[in-house]
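In what follows, subunit A forms one complex with subunit B and a second complex with subunit C.
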Partner chain A sequence: MAQLPAQTIHRDPQLFYWILFPITVVMVLTGILRHYASVLMATQPKRFDQKSIKEQRSMVHGVATRSNFHVLSAPSFRARRDYLTNAYESGAFLKDPDRRGQPPANPMTDPNAMDGMMGMMKNNMAMMIPNTLIMSWINAFFSGFVIIKLPFPITVKFKSMLQAGVMTKEMDPRWMSSISWYFLCIFGLQSVFNFILGSDNAASQMAQQMGAMGPQAGPQMFGPGVDPDKQFKTEAENLAVVEHYSVLDDVEDRLLESIKSK
Partner chain B sequence: MSSSLLHPPSHLPPATASRHSQQAPGILENSPGAISTSILQSMLSTSETQELWTVYENLMLSCLRTGDDDSAHQCLGRLVNRFGNDNERIMALKGLLKEATATDNASLNLVLQEYEQILQENPPNLPIAKRRAALLRSMGRIPEAVNALNSLLDMSPTDAEAWAELADLYLAQGLYSQAIFAQEEVLVLQPNAWNIHARLGEMLLMAAKTSDASKRLTEALKRFCRSVELCDNYLRGYYGLKLTVQQLLSEPSPKASKQTESEEWAIPASSTLQKLDEAATEKLAEIVRRNSAGEKDWQGYAEAEIEAARELLKSRSTATIR
Partner chain C sequence: MPTEKEFQIAPIVPESVIHNTKALSNLQNLTASIFGAAAGILGLESYSGFLFYFVFTILTTVLFYTIRVAPTSLKAGHAMFDTGRYFRSSYEFWAGGLFGGLAGYILTWTLFYGLVRA
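Up next, the complex of A and B:
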């Protein structure tokens, strides 16, 4: 099979100054803007009152006791277990003991829960609105032609991604359209933002997506709509079924063994 | 800037802390006092790091320890500039500075009242609650300090630092079972802290003098074993281990009668005790020898601890000669 002649497309060099460069600059500026917008919109971390801190930490305390029971001797573990299960079951740690047994409040009416949702929504909006705007701007002005040729060969699979907006079947996938350049900028400007804004900036969407995937850390252990009383009851059950052993059980033999083997 | 500035000065030997404090004016001059928020300047100057603020905090503590109040004030001023007056940690640092510069009891009382006022407005302010307990203790009002810590722990039972302080307070008062309970709580929260295991062993060893000798000595033995199991060359652990073993060996062991209760640990066989004694002696001798020979990897033990270990070894060898 004969070698296909390399495709050459004569492009106006002005394309670089009037499309490639502006898109990049706009993308960088939007990133910076987004960073400062989210800094401005960030809500102060909410302060918890004494009772909710007590509720949460008592829960954590129980979990710690359950998972580290092996450092305790049997009598001291039993004393703690009795105390904790009793308190959990009687609701001594609850924020408002009067509301036991009632169904949890609707998260939509709870102002505290709304705060968290608003925060999430703001972040998402700060992400989506600029992206939509810029994409439609690029689509409106610069779609329908290729602007750059990548210096390395790539497979046909990339055609739909790199040549979005250019419906030419035969064209080498190395040719890129402006919308592809836009996508490349979205994912590739991370290090530029790191350089300009410092490493924990809010401009990169990657970081935000990672954050959203991670576990919900922080003191907000009882999310909206979770009944703490039920959680306490579960924890009491978990504690009750622990079969106690201790790391101290044969520690002197282990120690002598390890000294001998050295 | 040395990396040891990133550790709280209470973890450092006094010599290092005083060196930091002597360097303080230079460090303050060389590091940025405030980080600008404007884009242009942040592109040109160094970016803000968390370490910078940790350094300021630790430098301030070092300076307070050596009495260099001016540098301490400067550090605090920069921290306040950055984090504002309402930050809980900053509030505690400010209180600390006031405590350190207070000259008489009356001004300390003023600081205490300030703390109480802050706590009334905002009860969950943990740093201030801790400062209050510490201040009460240093003013000699031990029962109030215990109460303060207890109410703090009632709100936040996962605070290992507070539990440890409470254990120390109880120990100072001679309330051994309470101290042991509080120290066990620290272990529940930090299960692999070998120094806490050894500390609990020390408490049990002290408590054994008052009651329940054999049971507490056995547990102390096991605690010390665990601590050296977790940290190979831990001097305090071996020291305590040796002391405990010696006490257990010298004691007429009440056989069989107590071992019927399956819950409690039996006293290990005397052959095991002998072996443990040998191992501990050997290790202590090694530590003392290599430390005094100046071997590089064996420095860092406190001078007093090495001296104590030497004494212990000496007393034992004279005993065997006799």
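Up next, the complex of A and C:
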């Protein structure tokens, strides 16, 4: 096949001022707005009464003792284990000890539980609404304009995506319409937001989706619908099976070894 | 591979690991955008543009290693090009930035290419 001459299209420079820059500026500003909206809408940590705090903290105490047993000496670990196991099994830490053995309340009726779900809803909304708005804005005002050319060739398959709204069959798929500039902005602006807002910002939806997968496990431990009494029992068993050793075992041998080798 | 007990004797602080990784990825994001602007102004196309990006990103990482990592890491007895003192895996250090910054690079590359060669 003969090499085709590169297509040149003469574009009005006004396209830059009235399409490219507005879209870019709006994308950046939306990211900043989204960041501050999510900061503002972040739910305040709720105030708990003393008993439920005690229930949670004693659970955390047990987990911390179990996972950091190696920094404790054997007698002090044993003392902690005995104390915690006794208290767990007698239910001394429970919020209302009368309800032991009863099934947990339905999470849908618990007002505390609704907060977590509302938080997730808000986050999703903060992502969805601006995206839909901007896309329909671009479609309404800027559809059908060819504004910019990609600096690298791509296959014809991308044509329908990049040149949505431009009904020209023979045009090189490298030419991009305004909607595809919008998509490029979605993917590429993360680094710009990093400079403006600091690296743990909520501006980009890409970062949000990454973050949504990670730290799920932590607060779930005390989530609604979980019987704290059962959790305490499990934790008592976990503590009981820990085979204790200390990092200071044989420390003098290791010290002598490290001195000798030098 | 270090055992669990060795980790307990010399623990890894997650905050420090996160801080190190963040410093590196911030640098790579910033430089990727700047390289994109440079490539666009130079008018690079297709392969030469991507080659430009890869060469300069690797150059940045090497500079980062020689200026920030190497002085203390060599002194502490690590081998040359071993980043184990500050980073968990050396793959993450040497190749992580290549793909993290690519989207930002393409954005600024396209933008400046379009502006200059309009």
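Note that the second predicted complex is superposed on the first by the 195 of 262 C-alpha atoms of A that agree within 3 Å, B and C clash if a C-alpha of one lies under 4 Å from a C-alpha of the other, contacts with A are read in each partner's own complex, and residues count from 1 in each chain.
We adopt the following convention: a contact is a pair of C-beta atoms (placed from the backbone, for glycine too) under 8 Å apart; a residue touches a chain by one contact, two chains touch by 3 or more.
From a predicted model like this one, the values you see are computed outputs, not experimental measurements.
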item	value
First, second, both or neither for A:Asp253, with subunit B first and subunit C second	first
First (subunit B), second (subunit C), both or neither touched by A:Phe16	second
Partner contacting more residues of subunit A (subunit B vs subunit C)	B
Touching partner for A:Phe48 - first (subunit B), second (subunit C), both, neither	first
First, second, both or neither for A:Leu150, with subunit B first and subunit C second	second
Partner chain(s) touched by A:His70 [first = subunit B, second = subunit C, both, neither]	both
Subunit B/subunit C common contact set on subunit A	70-71, 199, 247
Residue numbers on subunit A that touch subunit B, as the complex places them	32, 47-50, 53-54, 57-58, 60-61, 64-65, 68-76, 80, 196-199, 247-249, 251-256, 258-259
Residue numbers on subunit B that touch subunit A, as the complex places them	39, 42-43, 47-48, 122-124, 154-158, 181, 184, 187-189, 191, 197, 219, 221-223, 225-226, 228-229, 263-265, 268, 272, 275-276, 279
Contacting residues of subunit A [partner subunit C, same complex]	11, 13, 16, 20, 24, 70-71, 147-153, 176, 184-185, 187-192, 194-195, 199, 247
Partner subunit A, residues of subunit C touching it in the complex	5, 8-9, 22, 25-26, 29-30, 32-33, 39-40, 44-47, 49-50, 101, 103-111, 113-115, 117-118
